[in-house]
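In order of appearance the chains are A, B, C and D, and numbering begins at 1 in each one.
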Amino acid sequence: MSIHTDIGYATVHDIFVRGRNLSTDIIPNADFAEMACLCILGRTPEPNFKRMINLLLVTSCDHGFTPSSISSRLTFLGAPESLQGAVAAGLLGAGDRYLGATQNVAEMLVTWSKGIAADAPQAQFDGRARELLQAYRSDKKRIQGVGHPIHVEGDPRVPALRAISKENGYYRACWRLLDAVEKIQAQEFGRKLPINGAGAMGAIAADLGLDPRIARGLALVGRTAGLVGHIMEEAVRPNGPEIWDVVLKEEAKAH
Amino acid sequence: MSIHTDIGYATVHDIFVRGRNLSTDIIPNADFAEMACLCILGRTPEPNFKRMINLLLVTSCDHGFTPSSISSRLTFLGAPESLQGAVAAGLLGAGDRYLGATQNVAEMLVTWSKGIAADAPQAQFDGRARELLQAYRSDKKRIQGVGHPIHVEGDPRVPALRAISKENGYYRACWRLLDAVEKIQAQEFGRKLPINGAGAMGAIAADLGLDPRIARGLALVGRTAGLVGHIMEEAVRPNGPEIWDVVLKEEAKAH
Amino acid sequence: MSIHTDIGYATVHDIFVRGRNLSTDIIPNADFAEMACLCILGRTPEPNFKRMINLLLVTSCDHGFTPSSISSRLTFLGAPESLQGAVAAGLLGAGDRYLGATQNVAEMLVTWSKGIAADAPQAQFDGRARELLQAYRSDKKRIQGVGHPIHVEGDPRVPALRAISKENGYYRACWRLLDAVEKIQAQEFGRKLPINGAGAMGAIAADLGLDPRIARGLALVGRTAGLVGHIMEEAVRPNGPEIWDVVLKEEAKAH
Amino acid sequence: MSIHTDIGYATVHDIFVRGRNLSTDIIPNADFAEMACLCILGRTPEPNFKRMINLLLVTSCDHGFTPSSISSRLTFLGAPESLQGAVAAGLLGAGDRYLGATQNVAEMLVTWSKGIAADAPQAQFDGRARELLQAYRSDKKRIQGVGHPIHVEGDPRVPALRAISKENGYYRACWRLLDAVEKIQAQEFGRKLPINGAGAMGAIAADLGLDPRIARGLALVGRTAGLVGHIMEEAVRPNGPEIWDVVLKEEAKAH
């Protein structure tokens, strides 16, 4: 065993990332989604694949006050000297329940879509969805990737993500299985739980053939941009003191 | 005072980021650099500006084993259940001395370039550089953004970053001042310290007119992608145990 | 549902923790182990219990260069402005594989010791250990809390921790089961894997009747003190640059 | 230069911390405050000193919903798989503005008390306080360690901390200077800002002769216990969803 990385290294005169010269080859050409693929997957993406990676990154960025952005803002309130600390605090909440759910959905879809071709007849997907739902029911496990506390009638991101997946040739077995799960759960299990953003992103990651952990990883990259936005806003117009105050006021009612 | 963000919010049927509909307007069109600008700066970038933002993101991603990537790998060794924890540990090292140096350089250049037009005669930049160097010398402060432990004859990223800044119309007063600092320090102060990557990125951020803290913020976004790459590699082919081992072996020599 | 905590709150004139007045009641009397019990468990510990809590805290503090202390030092190297960031980076490695293993051992022992009295005959513990080992073998699960990469002939902490547990009346069913696991695994399964520190601490937490997660929590408290020690030493006499250097040198061999 | 720590190391048969055998010497005797001193300061504390260290640890633990405990709870909501991540998120807020203020106060008091004996006449302390207040006023710097948003008539911890400092022989020059600052600021500068908890803890750390950064470090140790308490309560009876909800409701008023 020895210490080695294929990602990159520096010499006196050059820096290499995945075997390519950072200064003369990558910097003059690459955009960030390409560079992220190069770092994480070790290859330059073809255009449709890159489009899908951008989709995962863009969708993860932000949508206002979430537990992770609130946590970043409260951290910045106490430690304004450390922007990276406030970002880190926000990312630490991207776990199994929120952004990390993307990984869990991808794992479920990869496992349960095994052996079904992307263009198999619908009945195959429906059958597999039925098996999946029965298995989860008997194990008393909750299906991730469906249902949303706010978007109770359907997550608005899902149709957009599905359409772009189709346009780029990545509406494949995992997406089809997830759609079948939503349908069969409503029709046969009496639970109308529409696919949510984490579900759609998990399906995309799975149909891209990514290691499911990379789905969580890309969500972290996107979210970092959102958190920087929140912290910069907090630096100019703080919400932290008011958030603390409203929590204390609510708590005081309980005494 | 009340709780409010301009970044975004969700309703039952829609999600808005900076006033634009995420599902129907942003997702179908945006790439990640645009979305990062939207979240952080509140506006869609024009193409040259977006090119420069991509440059900052791409350059920050990675170059192999650094304190931050080693820290992420060691964290993943102990806590493989938490990808976000390993990323956060790596980002926490992006402080004043490494990636955060970008912010400090930008602050220095913004302060000291005040009142000089981007197309002022060279003598003005040289004169300002002289004043800056004298002020730092008498305050015994170290100039950040110059010098590198490995790239002692010049950081290979700098010419590439300067060339693209020129192509896109962003080689302005801050870049020119930094170049003057490098020249005057060598010619008149007897210290040949070439501009480093953090220096060039600080000059870019400053000439883009960004709040210097955003320079640190964008470096965090880029680095997150690099760290995800390291952790995914670590998951497949661990270096952590060997790194620990080599540290213990070196330490044992001291007993 | 409403926002409420039983831990504490402040009024204009007083601060209360678990219903006791911090200034007039707690500060004049408590030491830290008592206060930790008050915060986490909601009660003041009797002396033997407190002795055991001290044991868990003291044992977790430190033993030199570990992945978590190396990670803290490398983080401090990049971000000397944020002591809390360097501590956080070290704690993030206290996961399932190292310090968090304590929790996993406690969970295993709580589950498998169910229904056996602390003073049951040895044969009952041996039988239960046999079942546990067979179950883990057929599930291909690794038993945590036994084996150590350095202390191959036995972890020196274990006899000390066992002796003090006995002295204080906390050598009970979970400790006895863990000892039986070590013995039966060597005698009947051909694997001589001595109990390690995490194992002993898990047994202690379980025999104290703690929620197993609190075992991980107390390990984090203890480790924080160790990490502060490492960072303060790093501030005075840095090891970070040399650690980075030795990793790069090892890596260079692979090119 | 070589890699070395004085804190500790392990051999096949033993573990040493600060030169003492962990298993045979430390574990059988030490309590946590002693062990923290051993790790951080490299020595066993005499009883009065240990009492004061306990005081710093106990006072930092907790007082209910603070930005750091709220941040830990929201992080746990998103990532229940990682107790250490939720603790780390809470600690990251212990920066310059809250717990880290202790360090800043200690630095101020160490600097400004130079050359005054602990038993000097009161007039010397008053004079030095006057100089300090004038210097801060002309630099437009805010004095840390005085004033509190809730305890506007005086922080209840301060008299308790002062009394115990006196009992143990650690009411010395830094404490006396801080008391003089409070008095002179009220009498001569027209600002009645009572000493707060961070102020008193900074004075204690300074009068103990600690490196001011250790004041922040000990506050992190104490706070870790408080955060574990919050997270364990959150695991049983969550507040996170309600906190998120109340923030969203307040935010909705602004639309």
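Note that in this section contacts are C-beta pairs under 8 Å (C-beta built on N, C-alpha and C of every residue); 3 or more make two chains touch, one makes a residue touch a chain.
Values in this document were obtained by computation on a predicted structure and should not be read as measured data.
Q: For chain C and chain D, which third chains touch each of them?
A: Chains in contact with chain C as well as chain D: A, B.
Q: B-D or A-D: which has the larger count of contacting C-beta pairs?
A: Most contacts of the two pairs: A-D.
Q: Let me spell it out: compute each chain's centre from its C-alpha atoms, then which one is farthest from chain D's centre?
A: A
Q: Distance from the CA centroid of chain A to that of chain B, rounded to the nearest Å?
A: Comparing mean C-alpha positions, chain B is 24 Å from chain A.
Q: Distance-wise, how many Å sit between the C-alpha centres of chain A and chain D, to the nearest whole number?
A: About 38 Å, centre to centre.
Q: For chain B and chain D, let me know how many angstrom lie between their CA-based centres, rounded off.
A: Chain centres of chain B and chain D, defined by C-alpha means, are spaced 32 Å apart.
Q: Specify, in ascending order, the residues of chain D that touch 2 or more different other chains.
A: Residues 2-5, 9, 64-65, 79, 81-82, 84-85, 88-89, 92-95, 99-100, 242-243, 246-247, 250-251 of chain D touch two or more partner chains.
Q: For chain C, which residues are in contact with chain B within the complex?
A: For chain C paired with chain B, touching residues are 64-68, 70-71, 74-75, 77-82, 85-86, 88-89, 92-100, 240, 242-244, 246-248, 250-251.
Q: Using the touch rule from the top, collect the residues of chain D that touch chain C in their complex.
A: Chain D reaches chain C through residues 1-17, 22-24, 26-28, 30-33, 35-36, 39-40, 54-55, 57-59, 61-65, 69, 82-85, 87-89, 91-95, 99-100, 103, 150-153, 156-157, 159-161, 163-164, 211, 213-214, 216-218, 220-222, 224-226, 228-233, 235, 239, 241-243, 246.
Q: Spell out the residues on chain D that touch chain B in their complex, using ranges where they run on.
A: 2-5, 9, 79, 81-82, 84-85, 88, 247, 250-255
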